Structures are given as structure tokens and as C-alpha cells.
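Pasting the structures here.
In the two complexes that follow, chain A is the common piece, with chain B as its partner first and chain C second.
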Partner chain A sequence: MTYADRLHPLTVFLWYLAILVLTMTATSPAALLPLFVSAVLLRGVQIGAKRLLAGVPLALLLLLSVTAINLFLVHRGAKILFFLNGKPVTLEAGLAGVSSGVMILSVILFCSCLARSLPGDRLLSLFARRLPRLALLLRMTLGFIPRLRLRYREITDARGALGLADERGVIRKIRARLSDLSILTTLMLEESMDQADGMRARGYGLPGATRAVTEPKTFRDGLLAGALVLLLVPALYPLFSGRGEWNWYPLDTAALLPDLPLALCYAAGTAIAVLPIFLEGKETLKWHILRSRI
Partner chain B sequence: MAYLTLSDLTFAYQGAASPALAGCSLSVGEGEFLLVVGRSGCGKTTLLRCLKPALAPHGVTAGDVALGGTSIGDLSPRDAATLIGFVGQDPERQTVCDTVFAEIAFGLEAVGVEGTLIPGRVAEAADFLGIAHLASRKICELSGGEKQLVNLASALALRPRLLLLDEPVTRLDPPAKLRFLSAVRRVNEEAGVTVILAGHDTEELFPVVDRVVYMDAGRIVSALPPRAFVKEAAGEALSFLPTVPRVFRLANGTGEPPLSVREGRLWLTGTLGGKAVTEPDGTDDATAKDDALKTQELLSARDVWFRYGRNEPDVVANLSCTLSPGEILSVVGPNGAGKTTLLKLLAGILCPFAGTVRYEGKRGLPKPGRDGIAYLPQNPALLFARDTVREELREMTGGTPDGDERIERMSARLYLDGILDAHPYDISGGEQTRLALAKLLLLSPRVLLLDEPTAGLDPIAKKQLRDLLRELAKSGCGVVLATHDLTFAAVISDRVATFFRATLASSSDVRRFFSGNRFYTTQAVRLTRDLLPVSLTADEAVAVLKERAGGAT
Partner chain C sequence: MTTRRTCAFLLAVGGVLLAFDAFLWFRGQYRLAFPILAFLLTLPALIVFEWRRTGARELAAIAVMTGISVVGRVLFAPLPGFKPVSAVVILTGLSFGPLAGFMTGAATALLSNFFFGQGPWTAFQMLAWGAVGFLAGLFSRSRIRKNPFLLCLLGVIGGVLFSALTDLWTTVAATGTLLPAAYLTFLISGFPFTLLYAVSNVLFLVLLTRPILRKTDRLKRKYGLFS
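Up next is the complex of A and B:
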């Protein structure tokens, strides 16, 4: 049970949507860095330091490759580090690469946080009302995939045991696999007929279908939605006013520190990302305290 | 006052030579519980489907079906969906959604129940059937029995007044079967829902139902209360009698026919007039036979361990077993215990994590193919890749010169000669099992591994399978059956083993196994225990009774 579980999925979804938009549009280091730190902290609160650290090598690899790609493909910038094949390799290109890498990492981290805060079925229930057909399709697919994999396994096992799969030669092997796939298709078609019966038997396709209301909105949702709107206005200001525009080529070190109004806007954006850390962290802490008292 | 009335209902599938239903007339009172029996393909499923407009098969219909005085054709689609609930045979195939809650809510949403009321309706249905704790589980993680209860709950959530159940428990193991059937009984008794159930599970249902409808070749031959059905049954209908009434009929019992084991024992006590025998039966013989069989070894497993993932529990742990030539070994136990895994280990499909599987005394298994080990999966359709039965058989003979001749012989032996040009998906379940067996037998296997071969077979198809397996065993083929059909295990096996806690908990001669068990045994044993020399099957009990009657006169 996390804090997000007690909120309406729409609140959680909108909150993360705001964070993702802010992260993806953050170009200046002053805006991006606090968001990245929040992403790391939030994920850490969710899954613990140990599992977070386990992901470091992969993150470093991603960061390095994005930096390297930018470094060797973009040749703009004033501070030339060295020449490669007669082309300049610049400090700015390297920094811009690191910045993009950090942005991508932050987005990945926030997305995994979202997936944890809003598991598949809750996310789906969000769309069910607006897009009932799509939601049903998704639900059916989610139910279908494990069955499909199981059936394929059963088919290859059963035919393999008859010696029908162990054919020598590439062509024969391909033919054996195609046979397996053809059985799978026929079986699944047969099963879909039964499934369609199951749907029709329960009145699927009648006009006036409804959706189950399983998650009522609460006062807490209203409070958080209000806070989100209040914070979003300043947080989005740099994006829409053009003031937050950042250019790495050439690097203007004086602009790295924003002026006060811009800093306040970034602070609002950071606050949106920090609040979930606070709420989830408080939850974890509460459990620890409760447990120590028991 | 009849609630459901069938007047001269006739139905023919498009292009079929003979009608699937011919002049069926029946009137069912509100709250009645009907059991429909008959051979596979006799029209049971067609009859049930004709009662539910959304599922009515395509074809030519004549006659009328009325529900509560209204012809079902005139019911609004919404009423037809809510008033008539339907649960089919395969628990896997009817589910639509990924979670239990969504599945039960599916029908309520479709018929337009107000969104805020749905959770309550789902909870009501789930609670009534005792599956409320499953509500947030994923469907794919449930057992077959649980899935079928979810299917029943989805039908019940719509508050039907008529519930149609088409062989709902054929794929379930005995405990799950009992759980499902007692749930159906509660629906009938406590909620007054009219129930029509088609199936071969007569042992559990005869004592419960109001009437037994016997169908043959699309006709309703009789629709009688169970005791009357027992008295009147003749010819083929006799094979649909459960063990206790069957013994009563075949032993020419007099008076009211018993339906349950309790009634059967009372009747037996009365008939025997206090001359009950309590001597244990043939245990010493059994031991001797056991030892004789052990001398030869065709296939064996020694201290085998297996699990599907490193961090998953052991599915097979420290298991040892042997199979001799010509021996039939039945492995019984609940679904999901690991019976299928054991068969796959013996077939070489899975590789033991520790321990060895030996074939003819040597480590390792022969390559799949001729003269080796053949494995029949629970769903025989997994093996079918061609368009006709003949092509299916040809797939096994390849281009060998005597191939066609062997196919002819095999199809005659397995009664497939009439359907050689049919599509493998268009034949009945029993025929599918025989076709899959024919494919296996064309490889002349020395060991046959069969996974639930009797699921969905009618009593007559079971008898054919029994004769075939006996014949194979006589020719030296070793057979391992994984089954939860105890009656079948009792008639066919030389040895029986229980799969429990990832290993074979007990393995003994069939007679010792079933006579030693009090509950996990056949109805015939429960009927005759302490009254007659223990009989494993109805026929055996009848023979004993006749012998005594002969001896007495």
C-alpha cells in the first residue's frame, strides 16, 4: 500500500504527466538537475537504495552512449577539445550530450515510478470510461498473451515428443515451426469463438453499456489537483514565455545560474517532483515507526 | 406452472443431413434442477444453446421455446442476457478480462448496470460462491476450478432465473468438481434458480437433481426423476447410471433404487440380511503380483527433482518410480499437483534438475520418434496441424511405402474409418482423443504417457479407450496415465500412485490402493466396504452379488 494507492488514478496520472512534461521540456541544467535528483530520490524511496544501485551500471552505459553519440556527431561549439578525422570535438557537444542523457534517464525513472504508482489495471480503469473499446481490447490482450505463450509451449512440447519438431535441416525446421504456428492460430481461433460466446452470453454489444465505478474521488484528490494547478502555472511559465530557452552552443557560463524569477519558476517545477517523494517517503517512515511500536 | 417450455423443438445445422435436435418437447418448472445425459454428439450442447438466443447455433430451427410464457425469440436482448446464464465446458476459454473483478463486472457493464452499483453486485456474486478473496487476482494465475467458479459468478452477477451449464466440470479434478457442483446446488436451492446441467458427472448429481433428461440422437428419450430413470433405463442408457444405481439395476435389486452411497449401503445391508463379510480381499495375491512386475524395468525415474525456475518451488521432489513392460500405472492427484510435469519428465520434454530417468535400464531417454516413448497431451488438438484426419495420420507415417496400409489398419482399430476425411476440429472429443492416440500408435511406442485421456469422454468412449489400452498393455506396451478419474483408474490400472507434495506419496497395486483408501476411492469401494469382498467397480460388485445369490439358492 503506497500513498498513490489511496488516490484516484486520474490524480496520480495527471501529476506524473506534469512531471514528465516538465522533464522533457527542461533544457537548462538549472531546471533539469533538480528534476533528475528528484527522480532518483523518488525511485529510491519506492524500491530502496539497494535495487536503485543495481541499476547504476545500465544508467551509466546509457549516459555514456548518449554523450558519446552527441560528442562525435555534433561539431558545433567554441571550446574545441581535439580534432578527430579533421572534425572538431567540442566541450559544448559533450555537455549537451550529458544533459540529454540525464534528461532521458530522468524520464525513464519517472516512467518506472509511474508504473509502480499506477499499475496496469489502475491505469486502464482511467481510460475505460473515455475509451471503453480500447480499454476492453487492452484487457483482453492482457488476458490473452499469457494464454498464447502457454499454448505455444504446450504445442512445441507435445509435437516435440512425437519427434515432429526435431527435424534436421533448416527448411524442415522452418516447416516444423510453421506447423506449430498454424496449430497455435487454429487453436486460438477456436478459443476466441468460445470467448466470443462468453461475451455475447453476458450481453456484450448491447447499447448503453456502463463502467464499474471502483475508485471514487476524495477530498485528498481535490487538494492535490488544486496544488498541481497552482504549481503548474509558474512551472510552465518559462516554457511558454520562451525565457527558459537554453542553448549549449556556445556555452554561456553566466546563464547557468538563473535570475530570481526564473529560479522561482524552476522551484515550482521541482516542487511538483518533490511532493511525491515526500508523500511516499512519509508513508515508508510511518510504517517503520508503526512497526517499531508494535 | 412451467417456467421453461420446449414445444417440438427441431434444429438442423446448415448442410447437415440429419437434424441435431428432433422434436424435443420438455416443460421445466421454476426452480427445477435438470441433468441432461447422453452420448457425446447426441445434441446436449445444441439443446442448451438453443435455449439462449445469443448463443443459438446457425441453422434451421422449428418449434418454440418459451420462458415464463414469452417465446425466447421475443425477449429483449437485455432480458435474454440477464435472465439466462450460461457456463460452458472449458474454464480457460470463456474468460474475457485479465482480473477476476473485471471479469465478473463484464456482464454487468455490458447490460448497463449503473457504475456505482457494480462493485456491490460483483461482491455479492463472488461472496456467495466463496471466491471474494480472489477478486483482485489475475485470471491467468487461477486454477481451473477457480476459473470455472469465476465464470459461474459472472453469470450469477446478472441475476439469472435460468442457468445453463454445459459440461461445466469435465476439466476439473474431484475436489474442484465437488466445490463447483455444490455451488450450483446452492444457487438452485437457496436462490431458486432453475438449473439445466448437461454432463457425464452422474455420480455426484443423481442424488441432487429433480429430473434426468436422457437424450439420444437429437431426441429427448425420457425426462424422469432419478429413481424412475434408474428403474426404466435399458440398453445404452444403463451405461449412464452412476455406480450405486448401476449395481442395484444389474443385480436386479427390488424396491426404491438407491442413489447415494449411503442409500446404497442401506439397500445392500438389507439384501444381504446380516451376512456381511469383512474379510480383507486378496492382499497377498496383490503383493505377489507386485513383486513379479518389479523384476523387469522399462522406464524408471530415480530421485528426480524438478522446478520451473530457480526461485520457484519444487514441482517434483525426490521422486522415484518404475514402469514394467505391459504395466498400466495411474498417477492420481489434484490438478496442478505436478502430474503433467511428471509425464513431461518421463517423456524427455523436461529435463530433471537432479536425478536420472532411465529407459530399458540405461541412463537417458530415447530420441523422440519410432519405438520409443509417446506422450499424449491433455488437449489432443495440440497435435493437429492438417486439414483431414487422414492427413494427420499421414504426417506420422511420412512417405513410407506401407504407410497407407498402416493407416487403414490403425483407423479400423481405433474406429476412425468413418471420419477419415473430416477436419480434426469437427470431430467429437472422444474421436479427437482416438485420433491423437492413433498418431502416437503409428510410432509403435513401447511406452505411452497419457495426460487426462478421459476428460470429456462419455461412458461408452471411455469403455472403448479402456479396451484399447488393455490390448496395448497385453502386447507389452507400458502405460502411464495421469488422471483424476478414479473409476477409470480402478478399471484400467495395474498400479496406482498418488501425487502429493511434489512426489508419489503412495504407490501400490490397484486393489490394495483403492480398498485401502476410505475417501479417495471409487464409489463401488465405498458401497461395498465391510459388506462384500471389496469391489473396485460396479461390474465387479454385481458379479459378487450374483455369485452370492447363486450360492444361496
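Up next is the complex of A and C:
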């Protein structure tokens, strides 16, 4: 059980949403780099160093390709490295590419952290109240997926037992799969109608239905939500005021280090991303310490 | 929560997001502005879906079709670009109408990305597949809906739309802006994939139209769905 499992899904969702908005709007290296480091650490705490390192080659590939895209497609900037087909390839474009790659990597990392902290069923429970029909549709589909696989197996088994699984040649194979699929469609659609009638019989769609609340909001949720609001005010200040707006073209090395007010704003944003590392890390640490070594 | 309150809530969310998106546009924060815009474009369909109080049987039928396309996407995961999703979504639209087509497409993108990884790109995939389903649904009451040329055309449009929208996200994510030249380069360099999407869509449509459309039409008549 991770720390996020004990929180209300809304708290976890809003927290990660804030991190994602901050990451996707962070343009200056001073804002982006701490967020990237926290993303790596958070993912590392969640899945362990070994699995994190296994993703490094793919991450490098992504970083390299995004850099290359910028180098060869964006021809702005003052420091020209060389000319390709008469078009300048600039240092600024390369740096902007690296920064873009780091941003995309951070977003991917934070998204996978969110997926682990807030699995699909808890995420859906969040929307169940606000979007009842969409949530029901998604849940019914999730229920049908394993049943589809089961029925498919049953169909192929039954056809095999009847001696209809003559699969010599590609054409016959495709035909066999298609008729399996055809049977599956009929079977599942009819089954779903029975399920829908069952739902109606039990009063689906009648007015006055109440919802079972299985996720209590606790004091901890209130505390974290308060902290989030307090941190978000300074963290979002650069975005809303336009201060510290970063521009790679032309590169202004003097602006790499933000002044104190701006640095404090970035620190607030980083704090939002860093807090989950400690909260989740505490649990991981506890798990390792308390685990029996017999 | 009544339907009216649900829709009011969705409209409020849409309004706030629209204002935020306009602000991001003004600031030049295209990386966040584009995914939000894509999500905003799926919102009207969600509102209508909730507003119409889609019945239990209709929901169940849409859920089965979504399930088939999600399983199809997962089963065909080893073959990049070769997926039956668009075909199933188009057939659902042709049979059950524009709204059902849109919901099948959008729900497939949302649910299958629980297997493939969620991210800002989910909004673009939801929009792309949803739009294809919606477009197909516009022909659901037309006499030419089983016309092979129409099916081919829808399959090709599905492939091109999916490519165009995912490339839009790639361009904006990689460069931070929407440079027409960069977008064009992506579209051209991604052309083999676009072609693969289109061809696989048409191929799946050729194979699946007869078995699936017959079943869904029969179901619709037998239970009086989507009437």
C-alpha cells in the first residue's frame, strides 16, 4: 500500500495535475531542471533504480531525436554551427531541443507516476459522480475486456472440438478468425443486452439514486489540499505574470540564473513535485526496514 | 447528481478551460494549449452523451464495441500502425449513429492508453478516433452506408486524421511552437505510417464490415436501440 492509496483520489489527481501544468509551462532551464530531477527521483522511488535504469536507452533515444528535430527544422538563433542545404543549423536550436526533450521526458515520467499512484479504477471513481454515464461506459468496457477474452477462448475451443478448426493455408486461417470474431460479436452483444436489462430491473436510471461513498476525505487530504493551494500561488505566478518568460532565440546566458523572487517561485513549484518523493519514499523505506529477513 | 447538474458542471469546466486555453495561447504556451484544445473539442460530445440520458442497453452495446476495439488494439500491439481500432469505430458509427461512434472512439483511446501509457497525447487520440466515428455516424441513416467506396474513403480519412493529429502533438511537443514547416516535415516523414494506417483501416473494413455490421444492425432492430 503506497501513501497515495490512503488519500482521496481527488487529492492525488489535483496534485499531479498541478505538477503536469507546471512542467508543461516551464520553459526556462532553471524552472525545468529541478522538476526533471524530481520526476526521475519520484519514479525511482516508485519502481526502484534497476527498472528506472532499464528505461535510460529509450529516454536517450527520445532526447536525441527531439534535439535533432529542433536542430534541423528550426533555423533561428545567432550562433550558427554550420549550414545544411543552405539553411543555418544553430546552437540555440540544439539547446532548445535538449530542453524540449527533457520536458517531454518529465511529462512522461510524471504521467507514469500518476498512473501508479492513481490506478484506473480509482481515477474512474473520481469521475463517477460528475460524469455518471461516461464512467459507467468505461467501467462496463473494462468489465467486458476479460470476458471478451474468455468467450473468444471458449469459441475457438468449441469450434476445435466440432472439427471446424481446419486451418491449412492463410486464407482459411483468416476465415476461421473472422468467423470466430463474428460469433464473438453476436454472443457479447446479446450478453450485454441481458446485462443492461438486469441493470434496468435493479433500477438503473431511476431518479433519487444515491451513491455509495467508498473514498472518505480525511484530515490529511485537507492538509495536502491546503498546502497545494499555498504552493500553487507563487508557483503559477511566473506563468500568469509573464515574468521570467524564457526565449531561446536569442540565448541570454545572463538570465540563466533567476533573481531571488523568481527563484522562490520556482522553488515553490519544485516543492510540489518533491513532496510526493518524501511521502512515497517513506513508505518504501519502511517496507525495506520492516521486511522479515528470515 | 441530476443530468442537468452534470451538464452544468461540464459547461462550467469547459468555460474555465476555454479561458485558460485562450490565456495560454496569448502567452505562447502551446505545449499545454494544444492538448487542452483537443480535450475541449471532445467535450461537446461528452455533454450531449450525458444530456441525452443514454439508456442502459445503448450503453451496453457501445461498451461491447469499445471492448472489441480495445482488445484489438492490445492484441495487435506488436504490429506498429496495423490496428483494427478505426475500422471497429467506423462500423459502430455506421450502425449506431454519430454520438455512439464518437464515444466508442474516444473511450477506446482513453481505455487502451491504460495499457500503452497515458499522457497529453491521449486527448489527441480521443479526438482523432472520436471524429472518425462521428463522421461515419453521419452516414448511419444514409442508403450508401454499405457502399465500398464510402467505406474506403472513411478508412483513409481515419488514417490521415489520426496521423495529422498525432503529428500535431509531436510537432508542438518537440519544438514548443507550431511551425508550419516543421509540421509539414513531420507529415511528410510520417507518410509511410499514414499510408499504413489508411491501408490497414481499409483492409480491416473490407474484412469486418460484413460480419460486424450484420450483427449490430440485427441487434439494433431486435431491441430497438438508438431509435
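As a working rule, the second predicted complex is superposed on the first by the 257 of 294 C-alpha atoms of A that agree within 3 Å, B and C clash if a C-alpha of one lies under 4 Å from a C-alpha of the other, contacts with A are read in each partner's own complex, and residues count from 1 in each chain.
Keep in mind that, in the parts below, contacts are C-beta pairs under 8 Å (C-beta built on N, C-alpha and C of every residue); 3 or more make two chains touch, one makes a residue touch a chain.
No experiment lies behind these values; they were computed from the predicted model shown.
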First (chain B), second (chain C), both or neither touched by A:Arg133: second
Touching partner for A:Thr186 - first (chain B), second (chain C), both, neither: both
Partner chain in contact with A:Leu164 - chain B first, chain C second, else both or neither: first
Partner contacting more residues of chain A (chain B vs chain C): C
Which superposed partner A:Gly208 touches (first chain B, second chain C, both, neither): first
Touched partner set for A:Gln195, first chain B, second chain C, both or neither: both
First (chain B), second (chain C), both or neither touched by A:Cys111: second
Shared contact residues on chain A - chain B and chain C: 136, 140, 142-143, 147, 179, 182, 186, 190, 195, 197, 199-200, 204-205, 207
Residues of chain A that touch chain C when the two form their complex: 21, 24-25, 27, 66, 69-70, 73-74, 96-97, 100, 103-104, 107-108, 111-112, 114-115, 120, 129-134, 136-138, 140-145, 147-149, 174, 178-179, 181-182, 184-186, 188-190, 192-193, 195-197, 199-200, 204-205, 207, 239-240, 242, 245
Complex contacts: residues of chain A adjacent to chain B: 121, 136, 139-140, 142-143, 146-147, 151, 154-155, 157-166, 179-180, 182-183, 186-187, 190-191, 194-195, 197-214
List of chain C residues in touch with chain A within their complex: 1-2, 6, 9-10, 23-24, 27, 29, 31-32, 46, 49-50, 53-57, 59-64, 66-68, 70-71, 103, 107, 110-111, 114, 117-120, 173-176, 179, 181-182, 185, 207-208, 211-212, 215-216, 219, 223
Chain B to chain A touching residues, read off their complex: 52, 54-55, 77-78, 81-82, 85-86, 88, 90, 92-99, 101-102, 105-116, 118-119, 122, 139-140, 151, 154-155, 158, 344, 347-349, 367-370, 373-375, 377, 379, 381-385, 395-396, 425, 439-440, 443
